[in-house]
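Next come two complexes, and both contain chain A; in the first it sits with chain B, in the second with chain C.
Coming up: the complex of A and B.
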């Protein structure tokens, strides 16, 4: 290309360069207009990470995450995925729920006691965010006080979007090949928000353009509402739904009846 | 009642003799049925202390039944049953368990009472009965046959053709009348099983847009990569039971997965994707449950009822479970206003199989 270009008269070369420049300018103009008007997939507000946060995060990353996610978080084949562009919400969710670091490669990363403090998770999130952005919980969303959220709307949204996997009573349920949708009982409102935002593991993504922050708050309020509600009789058998209840009746009820019949017959 | 079924050598007694005791009459009745009493003894001395004790136990069980049943009635009428939010201190949370407890106590008391009565109060007895072999005596059989034939002859339907026809005319329509209510359930669905709400005929011949349950239209940017939503035809009543065959799962695949899906597409499904968006019927092809457990990494779609799994990037082909047919794919496009729409209805019938399915 350069060889061909030098052989041309300089004027044509400049005209060509001008054409390219105009094209780039037009493209960026269209892009700018698009980003200005199209609803962004992720809220692009400043997340407020400092260079110090990022450096601390990188230090933790280099010690604890690098084996599976690679030295620049680009991922390692058959070990861990690339983390570029996953965003701070995903990192904080995975680390604060103890899912990452994983104990071993298996079908599902389970919730366990977190290995890092929330502060360390924040630093890690800052580092991963510095590598390529990604979704974060918007600043103005109040997840501590859900008293003004609409529980009824949240219930409708939960039944439409979440109940097929997490069960009507938020107890979770089975998926394919050893995977499962976890129980939502131990999850904090922030964790639920982050999970919806980022779609951890096999969960579909419910970004803020699909369920608005307002709707997400309603949803979380509903989840916490029914979890604080007492089940009829006090024992919900894990809130998994009719299967466990049927199994319990079968194992306990039928066995009790069988024993009673044997006892009656045996005594005659 | 045949003669040689009488066991043992007990002498027949004179039943009409006023001096015969009740026990002897019972014994004779059993003897005539071919049963012999080997041993018979009351469990307790009548009126003894032990007998009274057992009686009290049984009475206690029956009283328990009465109290349980009364408790059930009281709970049913007066216990607060309407839903309230709260913990274990809220009365209504104990409504169902209380009903169960009361009824359980009542039925258990009745059962235990009857059982104790039979086991502890009835006399100890031991009897034997000879086993009969085969059919009845030839004589008995001949007599029974003659009686039946005699009744038939007396009615004389074969000699009275008028009555025979009149009875047939009377009875046959009556039978048909009984079948009418069932007949009302049989209805030719015509083309309904092959069409969903995405058919252009519901939108004056124009393609039908996609909408959410609340009626808002769907733009591609509303579903993020790795996300999915349930969509309905944007026609009046599109999300109602009137178009219960129309719920569709709209999935935004990752670039590589979308490419794979395009590569794998059956001829019928080619061009049905819009960019990286793909839409499949949500009605499982096994027995019609909503298959919407979407795993965004493995691209499997699970049906919660019978664990069928469909491979989203390969025409939603069933890869596990009882379903045998792929989920039908909805051909998508985006109109000039930026809304997603179905270019046409599903190309094959959605949901479980039916007899005429393959004919079209």
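Coming up: the complex of A and C.
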């Protein structure tokens, strides 16, 4: 304790305390206004799971998931994370793409033939939702008919948000230490929506305040458009860019012309 | 009036006569038409580059009619739906309209790009042929240097051309080029400002690249190619050693009609391969990449293959940043600037380095077989191994992703491989060359293996050898190795009846009876028991 601090007049000390109090009051006011007016991150609409769905889901969970995700989905250290609050979209995405249950612990769960039917996944989603809510695909978004979506906007959003990992071609790409951004070709529109909403594995979350449901729809429409589009100008060589083009010029161009040189020089 | 009779047969001779009367063409043209070229398949590799350059000029002229290198911002209103209404530069917009709305535009754009890849690939293959056969030795050092310069000019020309459409993929490459420029100590920032007319990307670089790409660099390339081919005419083509071939003659075929018809046919084949690739394989789909924006980047971004080794080297180099005396030297400086400097200078100086080491100051018109110069062949294979590892590392993220290998493992494999594999490749090549030399000498001394195993009275097995000359009392032949192919199979010595001529099907009737009846006129091979 310094001499200066003890000899400070009390008036100044109170003034300083008042400053802090005013600052806290201002912060609380701003926070309160934000909470009152800002939209919730996830639309809180009723998801319509029945008690029966939840019970069926719990039965499946207790048989197939509990080893890693633990009792009441609370998680097991070094084996599986807690699922409380992950939401039905995450459950349906992971189970319907076959990523869960995982075959083994590795850098990343890969897409494979699903172990459960979509109905069973729905029950599991109901059970996980009953434990703590979380994001679900909003009912109002029509992902079956994308014909009226804006693919140009979707393309711009894709190039800014997605191509850095999934590549321009939507074919996926490598991340560090064996992780990867998967190819988007096998993914259905609903799965892409669920992935954006929940950010599975190494993917960031694109919640509704980052990409609105409408923008997500445009994005999905763009992904499906270029995947179903014919490859202009011939076979796309796997759409890997200049690496397979370089391979092709040696395997096709140089090999064909080397045979031609043998033929021409052999004709003497 | 008497009708003049037109003698069609005499027309060319008469026309040529008239021309000669005026321009005195006969003797230079005769000299040209009767010029002799040696014939070997490997001498045709350089022509692939020459012919793809011609295709580049033809297709490039077409593209230049429709491409607009302007950075004016426009809103796209062409036929490609996913880009409708998007803001982009005129350069990108005209590349899209060239691809989708100009008749024949897409195939010519693709042919142009494939021809560029083929041009560079053929240069590398041709350079390998020249290197491994020692064709760069005195008096042809100048042509070697011109060849190396042609590679680097093609490298620059290709990179600039790839950047012209102003799409997001090539923009990423340009960003890397600007980063490498900025990494140079002292002048880096200013050099980059000069290149881009201010902060990257600016709006002056594409118009400047355009004039470099369509005028300046092709002009320099064309004149250097002229000198390159002219020097081959003047200094005469090298040839393989062989019967009647010496340092002072050229054995082969005359320019006309043999060589001209072969070259004409070959040009059409090169054109056909480029056209087929342009029509069958998609290349550089710029519409998928979108217009260049600084915030857009894609996974799996690579440059064209001939730039990929540089990308790979940058990926492999450790992140060593040096900060001394108020200056920062970023890690990219070492592979991007120092590495490139070494890669440019070493090949340029190689003929002189080799001359110094071998002390061979002679005049050489005969080629060397790669096995006869193990050290040179080893250096060549070592450089190729280095180049291939760098190039593969330029695509290491694609390899990692598609073969489920960790990207970190790929990087470390590249780093270790770059240091370990080239020396091993040198050693292995050196040993293989010595082995091949030894086998040549062995065949010259003992003859060709016939595959006939005999057993003598003592029960000893031996293989019957066909000596290449009359053997001495020990069964050895004393033949000098003359730097040419040594026959290793009985077929090469005419053990089989001559094969029918023709590449796809015989062009002559098979003889009624084999020219030589086996076992009738031929003696059994018994000589050379050891």
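Everything below uses one rule, namely that the second predicted complex is superposed on the first by the 199 of 268 C-alpha atoms of A that agree within 3 Å, B and C clash if a C-alpha of one lies under 4 Å from a C-alpha of the other, contacts with A are read in each partner's own complex, and residues count from 1 in each chain.
The criterion applied here is as follows: a residue touches a chain if its C-beta (ideal position, glycine included) is under 8 Å from a C-beta of that chain, and two chains touch if they have at least 3 such contacts.
Values in this document were obtained by computation on a predicted structure and should not be read as measured data.
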Checklist entry - Given the touch rule stated above, what does A:262 touch, chain B (first), chain C (second), both, or neither? => result second
Checklist entry - Thinking of the overlay built on chain A, is A:176 touched by chain B (first), by chain C (second), by both, or by neither? => result both
Checklist entry - Which of the two partners, first being chain B and second being chain C, lies in contact with A:199: first, second, both, or neither? => result first
Checklist entry - When the two structures are overlaid on chain A, which partner does A:230 contact: first (chain B), second (chain C), both, or neither? => result first
Checklist entry - More residues of chain A in touch with chain C or with chain B? => result C
Next on the checklist: Contact-wise, after the overlay, does A:207 reach chain B, chain C, both or neither (first, second, both, neither)?
Outcome noted: first
Next on the checklist: Looking at A:248, would you say it contacts chain B, chain C, both, or neither? Reply first, second, both or neither.
Outcome noted: second
Item to check | Touching partner for A:165 - first (chain B), second (chain C), both, neither | outcome: both
Item to check | Footprint overlap on chain A, comparing chain B with chain C | outcome: 160, 164-165, 173-177, 181, 225, 231-234, 264, 267-268
Checklist outcome for this item: The chain A residues in contact with chain C across the complex are 107, 151-152, 154-156, 159-160, 163-169, 171-178, 180-181, 222, 225-226, 231-237, 239-243, 245-250, 252-254, 256-258, 260-268
Checklist outcome for this item: Per the touch rule above, chain B residues touching chain A in the complex are 85-88, 90, 93-97, 115, 119, 213, 221-230, 251, 290, 292-298, 300, 302, 304, 307, 309, 320
Next on the checklist: Quick check on the complex: what are the chain A residues that touch chain B?
Outcome noted: 38-39, 41, 160-161, 164-165, 173-177, 179, 181, 199, 201-207, 209-210, 225, 228-234, 264, 267-268
Checklist entry - If you look only at chain C, which of its residues touch chain A in the complex? => result 39-45, 48, 81-86, 99-100, 106-107, 110, 114, 117-118, 121-122, 125, 168-169, 253, 258, 262, 265-266, 269-270, 273-274, 277, 279-285, 287-290, 293, 295-306, 308, 391, 394-395, 397-398, 400-402, 404-409, 503
